[in-house]
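Each of the next two complexes has subunit A plus one other chain: subunit B in the first, subunit C in the second.
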Partner chain A sequence: MEISEIIHEQSYTRQIIENKNSYYGFYNAGSMSEFDVIVVGAGPAGASAAIKLASAKANVLLVDRADPPGSKNVSGGVLWGDSLSQVAPDWEKGPVERYVEAKGVSFLTKDSRISIDFRSKKFGEYKSGYTVLRTKFDAWLAKKAKDSGAMVVSGVTVDRLSMKDGKVIGVEQGGETITSDAVILAEGANSRIAIDSGIKKKPSDRNIALGIKEVIKLPEKTITDRFGLSSAKMGFASEYVLGFLEGGVRAGGFLYTNKESLSIGAVISMGDLRKNNQTYSFNIIEQFKEHPFIAPLLEGGRVEEYSAHLVPEGGLTVDSIYGKGYMIAGDAAGFTFSNGLVLQGMNYAVVSGIVAADSFLQRKEKGIEAGANFSNYMDNLSGTFVMKDMKNFKGVDAVTWSKSIHQTIPAIAEEAMLNIFSENGEPKKHMLKILLKSMAGRKESKKELAVDLYRMMRRL
Partner chain B sequence: MKIEERLSLLNYKIDKSYEHITVNPSICETCPDHFCTFACPAKCYSLIDKKLNFKYEDCVECGTCDTACSHGSVAWTNTKGGHGVKYKFG
Partner chain C sequence: MTLEIVVMIKQVPDSQEVVIDPVTFTLNRSAARNVINPADENAIEAALRIKDKEKDVHITVITMGPPFAETALIDAMARGVDDAILVSDRAFAGADTYPTGLTLAATITRMGKFDIIFAGEESTDSSTGHVGPGVAEFLGIEQASYTSSTWIEDEFVYADRELEDGIETVRMKSPCLITVLTNSNVPRNPTLRMKIDSIKKGIKTWSLADIGLKPEWVGLKGSPTIVKSMRTINEKKREGKKFKAGEMDKFVDELVSKGILKL
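Now for the complex of A and B:
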């Protein structure tokens, strides 16, 4: 079925045909567009935008190419912060998995694990995050959008943006144009529409990484006990530097607890994988799973799902996040954050979606013309943590993907720890001496390490 | 766990009338690296008798191959009509 038929059918069944001259009957005065806003992509960015717009009585079409909406969406799995409460105050009662009460960061070498395992009673006062499984969670969010009054169409793939005189006037699908005063493009990291419409370049090795994940089923109680969690509602989330991989391919790992499953995955450098050209991407996660300090955590588990998704890296992936008649939100714009300690994307998606919606409403208040330039989106976003983080942590990927973080520091730390904690009947040495000795055995230049350490101080 | 076994866990609604990714065999024939075979997480690209074999049916629509192929062989489009991979968890 083409999109226009679906829209007509939905309009009819929902009895919102008020204007006999129109199938749609819900456009704003002065505009000839069928919709105020078409939101492409029902992830956290798109759904948040749609909820916000529909709640303000704008006429919104939220279209997702998956059916049910969200069933092609993947993420590692922690939704940090509380931004979603702006559009869905009850989101914590939605299909969330566990509240993160324990946060880990580990370096893994071939034989060792060097970890920070942070647990705090204060995670009740300071918001951390919830683990989520996106297929369930995003369907729930799309339903919220529908309940707020947005039209939600799933299983329909938008072909490209519809352009007229250099302005976006809607979307094209199946040879037809559906018009709107604005399009919010929230199609995710693999942004075909933006690329095919000429507003985004194809990603390169530098600005994406490859995320591969598995969901591993385990009994609820086993998870709670194994990770030392205080209840079945509480969870553990950890990031790993995988410094032991064959062929020296750099990758980060993650392990999160859901109610009755674990989400485990690897985020792999495309550039390294290309340079190596003999390691299969799908085997890297297996190496991670088989690590002597990871395997026991997965014991008895059954793999239930395998998935893969691109991860935007190193800041904005588009030249401009707005233009005439459109705004880009979420992963499609490159709104993700990683400093090695934490991996975030969904909260950035939510905020950018909401700000895009606000920016439309702001323009509408002043009487919007089809194809208006949404420069106010950038202005409004600049005041939020989304753009501030993008700016303040620009270049952080040079640190998180550095050889020092992935190989040199873990190796030095491992040797130093072995020296400190093993008793060999010799007099003990001072810490500094141990560190210098550990460093001396490395072939990497001290200069390289010093440069990376300096970058770390500046950028982390 | 073998990749084939992991892929067999997935649900797909396969579009028999539309291949959303196509490759240009004449480019692949002279490709010096076949990086796609290492990059694709769903093993859609493999070498059989030194010839590149591509199957779109196992694709999880991540978009990796479009960036991986630096020789312009991959033509990537979205699946249509709700076809393709359908995750249970995501």
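Now for the complex of A and C:
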């Protein structure tokens, strides 16, 4: 071969390598890692992070255990707010179900329902949320990540983080390591990888509740009529305190309207389930469904989907949301919010995913090395509602899971309402008198109630 | 010399998720995710087992289908298949098993040298079992259908055929075609490493022009089958009723009155 040919050959080969590297992002020029970032878990947190990173031309791998990606993900089903528009401006035209115009909060006792049913035409200027069906929605979001340039691999479960000298240098699967400058762990509430990799303690029962959910098929018009909604595009979302369960098991319920189905479920205290060997978790959702004022709403429906999932409770579930070479986002970090009136998680996931991506890009600008410390993730997140809510509502679970909320208040409210709204031919009493009388009849819980009421004022 | 193996696969809707529309009698595939036809997974595994044992084996997986069938090919590559070809063209739409076999045979001919062709025994979405044997006929090569294992010994290809009354071991010269029984082996799982590599490597896509067939030979035009009508079997309506634990008497009475239980 002529020298000129060899040179030509070599430059040609180099050209191919360069092309290949630019296609897969030659972004990590100074680093030996295969990817800039590996995102574990294609839920709202992981997919948002991947979209943000890939849009900034970072070389990103999004990996999910389910195929199609996200099809094993479960949540109640309302995505509150508009945070997602930061990475997917057209999300409201995506696979969303109904826009929440009616929001309820109810106490259920064995025979009664005491409710707030708030409906407003102002839920346009004031943002509420959309009900979503996660299998559809998450697959759509993962597709967005792919279209943005991320490599999306589904149907593989990552075993653990790959560590070297106390730094995360990638992920391990099937005995092989895939390297990256950073890992964003968005693996959800179970957090098996974080626990197995030694960066998260196994959460205690106090920090975990069990969510059980069914999707019940009903015709679109039936749902619109039955829930008194103004159109087929509008939806109803309500949380319930299930104050009628045997054995003092504490559980909350939820009921959301989708286009042609209802999402109904219960979130049950893990500790109570363990204490109460007689109470099977599936009994609780059955009792909820059979409640005299819930059953008529489900009439004629057919169960289409059944799922269960752990729900993080009481704020942060990790000692640190960042470390050398990694950041933790979404449920895996414990970013959920519940004050009894609203249950939220997906919006926290989206924001934490985006901020994690931003924090990587911020570091990257200054030239990054594998295993860099991502303390800036915490700083950046502290400026958002995610960390602020975690801080301001710390300990709110002591109220939402209190005996007062789950037993005493529903019972007092029921008695008071019966006295206020019934007519038995006797002189009427002042409301305060009725309430005080109802409370007086419950000596055992008086002190506890006082403490809980004080906590409620402070924390809700 | 390299042993060239071709595996023919089909992407099908996951049969557990497919429902038949009670009005139009058509399959509603939209709700179902797409997977590799189960028997084809066994065919891929049979090919990979030969590659595990023999030196210098090259496996190519091929499919005729729409562009999104790429995911099935990537999945096959992630299990250890070397290359993948998607034969995709609007002209192939509506094909029955005859032009499908012809299209695949033309694709294999265009590929060049081949020694063994593997295929699943049949697909879960049409269950004809025609295509594998059809390809062997179009190519004029020997074939063994409904096999549970394949191996190479003294330059010959051996295969066990599972028949009703026993197992028949056949010996063939290559090139030959083998169809593989569902569940005849346990397909290996792709690893993350191999999935990444297969996505990076990508697949080849060929059109009608690439395989040199005339438009009237393929797709709906080239299909001799005409479906006259289709019926579904009506499901018997079941009456759901709940009884409490203390109502055993009532429960038994109800069963007796309905004639389900005879005293």
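As a convention for this text, the second predicted complex is superposed on the first by the 431 of 460 C-alpha atoms of A that agree within 3 Å, B and C clash if a C-alpha of one lies under 4 Å from a C-alpha of the other, contacts with A are read in each partner's own complex, and residues count from 1 in each chain.
In this text, a contact is a pair of C-beta atoms (placed from the backbone, for glycine too) under 8 Å apart; a residue touches a chain by one contact, two chains touch by 3 or more.
Since the model is a prediction, treat every value here as computed from it, not as a measurement.
Superimposing the complexes on subunit A yields a three-chain arrangement in which subunit B and subunit C fit side by side.
Once chain A of one complex is fitted onto chain A of the other, the partner contacts of A:67 extend to both subunit B and subunit C. Once the two complexes are overlaid on the shared chain, A:171 sits against subunit C while remaining clear of subunit B. Touched residues of subunit A were counted for both subunit B and subunit C, and B has more of them. In the superposed model, A:280 lies in contact with subunit B only, and not with subunit C. When the two complexes are overlaid on their common chain A, residue A:310 makes contact with subunit B while staying clear of subunit C.
In the superposed model, A:189 makes contact with subunit B only, not with subunit C. Applying the stated contact rule after C-alpha superposition, one finds that A:155 touches each of subunit B and subunit C.
Once chain A of one complex is fitted onto chain A of the other, the partner contacts of A:133 are limited to subunit B, with no touch recorded for subunit C.
Following the chain A superposition, subunit B and subunit C show a smallest Cα-Cα distance of 5 angstrom. Common to the subunit B and subunit C contact sets on subunit A are residues 67, 71, 155-156.
Taken together, the subunit A residues at the contact with subunit C in this complex read 24, 34, 61, 63, 67-68, 71, 151, 153, 155-156, 158, 171, 173-174, 176, 178.
Looking at the complex, you find that subunit A touches subunit B at residues 65-67, 70-75, 133-138, 154-157, 189-190, 192-193, 202-205, 208, 210, 212, 214-215, 261, 270, 273-274, 276-283, 286, 303-310.
By the touch criterion stated above, subunit B contacts subunit A in their complex at residues 1, 3, 6-7, 9-10, 33, 35, 37-43, 60-64, 66-68, 76-82, 84-90. Residues 33, 75, 190-193, 195-196, 199-200 of subunit C are the ones that touch subunit A when the two sit in their complex.
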